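Note that chain A is present in both complexes that follow, paired respectively with chain B and with chain C.
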Partner chain A sequence: MSWPIIRALVAKDLTLFFRNRFFAFISVLGIVFYIGIYFFMPSSVDEALDIGLYAPVLPPIFEQVQGEGLSIELVDSVETLEEGVTEGCYLAGIALPPDIMEKLATGSKVTVDVYFAADTPQELKDAVTSLIEELAYMQSGQMLAVDISEEIIGPDMLGRQIPPRDRILPFFAIFIILTETLGLSSLISEEIESRTAQALLITPMTIKGLFLAKGITGVSLAFGQALLFMLATGGLNQQPLIILLTLLLASLLVTGIGFLLGSAGKDLMSVMAWGLPAMIILAVPAFGVMFPGTVSDWVKVIPSYYLVDTVHLSANFGLGWGDVWQNLLILLGFDIAFFGLGIIALRRKLT
Partner chain B sequence: MSLRRVGILLGKEFRYGSKSFIFIIAIIMPLVLSLVLTLVFGNLFSEKPRLGVSDEGDSRITNLITESDSMVGREYDSPEKLRKAVEDGALDMGIVLPSDFDSLLEQGQIPEITAYVWGESLAKQRIVLRATIDNMIRDVAGQEVPVEIVTTTLGDDESIPWDDRILPIIVLMAIVFGGIMVPATSLVDEKQKRTLSALAITPASLAEIFLSKGLVGVVISTFMGVLILVLNQAFGAQPLLLVGMLALGAVMASAFGIMLGAFIKDITSLFAINKAIGILYYAPAFVYLFPDIPQWVGRIFPTYYIVQPVVEISQQGGTWSDVAPEAFILIGLILVVIGIIGALARRTAQREALA
Partner chain C sequence: MVGDAIVAEDLTYRYGQLLAVDHISFKVAEGEILGFLGPNGAGKSTTVKVLTGQLQPKEGKVTVLGIDVAHDPEKVQAQIGVCFEITNLYEKMSAEENLKLFARLFGVPHFDAGALLERVGLEGREHDRVEEYSKGMKQRLMVARALVNQPSILFLDEPTDGLDPASADNIRKVILEERERGATVFLTTHDMMEADKLSDRVGFINQGKIVALDTPHNLKQQYGKRALRAQVAGPDGDLESREIIMDQPETAGAVQELFGREKVVTIHSEEASLEDIFIDITGRGLTE
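This part shows the complex of A and B:
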């Protein structure tokens, strides 16, 4: 195995990639788009129900529940309340009668006016109605005859919820890396199709050297783009070493898969035909992060699960080596398996 | 231009092109995406809180939870399964009801409930669910509600359900992917294999070749658009007008596909450009998806004029007079693209003749 030859082959592949200014420009543009979408998405989570309240006499219960998922703003007239609801400042506007406390104390029924915008979904109207009823029960001293013991499952994220754009971060990272699977496999299939791979093998270049060169090219392209994206979006702010290692292992994984696809396809189109379903399957675990509870435990058989889970846990929860070492080990195992399989498949194709 | 030659070329496109990867993907992908997006956005983006219950007896609360329209209620066989669902984030909250819950309530005793709360559940979901559970318990216990709530609805804007919001993106994917990629890949493939040069020396003109490839895109695109609308039960009251507008959209997509095919030299570049600008095709659909984005933003993108008439007719009962302005703009855009294709065709013809 000759390092100068490997270096020359890697330099040739990378030069070809970047010499095609159009292709290079488009690749950069793709990352810029992903970064743009990231910054376009909401950077915070609104956890509270914004309620406008007109209350000539303010029942103490409204002060007590303020902040526990409710953001109550007092207004000085029903007109202001209606205006706030119409303009979307409040999800609902509640107008309490002046004699509410007397009526509740005497056990008489109180009439409460509630204003909603026409586009408020029915479930939110029902939610506000339930809330008002519950507050009225509490204010009238009718205690709930049930003892509810609450247990928080998982880290309690109250007040520090993960914004949608950070939840989608692992998906973007994995998508950028996965796209390079197609890039690398097309690079290999092109070499096989135009028989330049076979031509290379009659030079001092060995099969091992060829794999290594293509592997370095694939890993550099995938890792480089994902790294650029994570740097630009602040994805390396927490546990950067873990995330860097995860991206590197992921790049190795897609390079192995790229070898497999490159050897399975006859030409670029058939590489695409095999590559797209592979990409979709590998992207599935990211949906579990974006939409928790949508995928069941079987998703753990997909290698990319360990990439997505590690990036999510490290970038969004700040978990360290002690929490993610198993993921990294499994990912390394998949890397070795796919890289080995890819090399065997490609060797059979070339010899 | 010879219609007979166009027909022969069209037959060849359908005979050989239908075996290609892109042709198959153009049919399968919109169907899969339609299913996935309906699941993802239809259920998952709903703001309804999710409550699970594991009932060790036969409480009325369980029925109230599973039959509620204001939240997503699910029943679980065991407290362990309920806890796991909460841990996975499938539920915001899960409650375990003891076997004698209702009878204890009726006897005036204080039963115990275990509530599992997902750590990532939003504060507003937690408070809403707590209030809802409390209300249900009070209902079963026979407590009288101390308030009468009178609701007033302000303004004219109606809540747009997620099913309606996702339709534009599904329709756009059906029309745009097949319409653009099938003719574009076919043309680029012919260039790469140099069969376009071979065709150029036959009596078939470049315009006839482009037209036959474009027609394949139009047929697939229109067919998929109709299929997706039928599957989503969104065909509306004006089927002929709707098919007409779908066909017009398909012509626009195919013309753009031919333009890309004429401009781009190889498949890699074609996929690269689609990877980069693909999101622009679907940009108007994102405006429908999130009504908070000013609706005028959608008008900037040419594909708006494909999807808006379809949405207008299928969801809002629009007629020709409602969609005519968009239709004329779309026709104008098609003419512009055809003009560009004409210029590119002359350049391609010269190059193929030299080759």
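This part shows the complex of A and C:
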């Protein structure tokens, strides 16, 4: 295997990639667009508590606590309350029993139903619980037994209160990397269909060298662009080594997928036909980060979950090697599997 | 003493159950042009693929420049040039970029793309993208690419197929120049005129077997029949054609009879073409 030969082929592939107006355009525009959107999104968390309240009899104290970060809206039924929480109008919904005033006056136990959205952080749940207890105390003038019945609508999510722009960061990172899958697979399919691969393989270039060159091209394109994006958005401020390794593993993954798509496709259109569904599937885990509660545990079978989760945990929460090593190991396993499958498929096509 | 550039012994190749090349043996001397003729599907391209290390023979052995191709294809490929039947250039790159890429792959130092492009008549268009080239220009560039590493053996697969006369002549000129340089040329074609003009020897391949291999002259001597072809005026003034086979005991009588009974307008001798010989040997034409 000769490095000048590999270098020549990588240089040729990069030249051809950027001569393809479509890929050159979406690559450059993509980065600019994603960076723009990132900075356009809010960088802080809205900490106002919007709470829905169903109260057949409204204790006077609830009318007095409006303002100062707390907004209480009265609704006329438990169903409306549940609907408001589900749709995200309220962070929590409180349903008071009809006999609350009597029970507070007699000092007997009060049961209050509280509804939370799926992605309500634990801190907020604790805050709402304390608020109810505090209000009950203020109303009666003494500590009373309040039984709070918590109901979660959808799967519970723990402690994920981060600004929207940081929440979307892993999504953009994976999308940039995934876009390069299409570029690489298009280069490969063109090489096969135009039979230039046949011409290459009748020079001192070996099939191993061809795979290596294509691999370097794919990883360079995907990793380079994701790196640019992370640098521009400050995504490397926390745990840069973990994030760099994750992006590298992700680039290897999409290169393996690119090999598969490249050997399956005949031209740009068929690469798109195979590639877009693959991209959508691979992007699903990122939606789970952007919109907590929208995807379930099954996303863990999608290789990109481990990329998104690691970038999210490390870039947004600063978690270290001890917390993400399993993710990285699984991602490496997927890399080996997809790279192996890609090489087998491509070798069959070339020979 | 001239050695053998290519030696094929009992070469066999199958695509599954289909026997594409059937136990063929031949040698090509250094500096020789061998025309390899046969109709489509006869096994020409498969033979070239095995000789150039693209396919491994199922049986038999191929030695190219003294190297066993099956064992060390890369070493062989470093010393040969291949011009494929189907154009396979990087269309989004210029002619110069295409040639420079392959020069780098072959590790050619101080490569002069301009000089090579001038040889094939593409000077002045070296910076144009190949997608803007005509078919003839692309084919000339394919030949130029095969010459990048100054190969010891040049494999040309239908290099003038479908080209205009000027482009075809240019390619034939380059082939002869390469022989002058000392290169061996393995020319695959079904154009018998081209094979006749260029080749030192021609081999006929049919249904995977070599059915004849000799110089064009010897083949014509061995298989061909010379003839006299005459045009005579018919009773209503229309021209009619007459053929008399030469070198036969009855030839003289037939000529005498022709001139005695008919009004001869034109007459000329005709030599058998390679296609006639191919049909004679195999019972089928080269273009079937």
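Following the convention adopted for this analysis, the second predicted complex is superposed on the first by the 232 of 351 C-alpha atoms of A that agree within 3 Å, B and C clash if a C-alpha of one lies under 4 Å from a C-alpha of the other, contacts with A are read in each partner's own complex, and residues count from 1 in each chain.
Simple rule for what comes next: a contact is a pair of C-beta atoms (placed from the backbone, for glycine too) under 8 Å apart; a residue touches a chain by one contact, two chains touch by 3 or more.
If you're wondering where the values come from, they're calculated on a predicted model, not measured in any experiment.
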| item | value |
| --- | --- |
| Partner chain in contact with A:Thr111 - chain B first, chain C second, else both or neither | first |
| Touching partner for A:Ser194 - first (chain B), second (chain C), both, neither | second |
| First, second, both or neither for A:Leu248, with chain B first and chain C second | neither |
| More chain A residues in contact [chain B versus chain C] | B |
| First, second, both or neither for A:Ile35, with chain B first and chain C second | neither |
| Which of chain B and chain C A:Ala232 touches, first, second, both or neither | neither |
| Common interface residues of chain A - those touching chain B in one complex and chain C in the other | 20 |
| Chain C residues touching chain A - in the complex, by the definition given at the top | 52-54, 74, 77-78, 80, 82, 84, 86, 88-93, 97, 101-102, 104-107, 145 |
| Partner chain C, residues of chain A touching it in the complex | 2, 4-5, 8-9, 12, 15-16, 19-20, 194-196, 198-206 |
| Chain B residues touching chain A - in the complex, by the definition given at the top | 20-22, 24-25, 40, 44, 46-50, 69-71, 83, 85-91, 95, 105, 108-120, 122-128, 130-135, 137-138, 141, 143, 145-160, 185, 189, 267-269, 271-273, 275-276, 279, 291 |
| In the complex, chain A residues that touch chain B | 20, 22-23, 26-27, 29-30, 33, 37, 45, 47-49, 65, 68-70, 82, 85-86, 104, 107, 109-127, 129-134, 136-137, 139-140, 142, 144-159, 161-162, 179, 182, 186, 268-270, 272-273, 276, 287, 291-294, 296 |
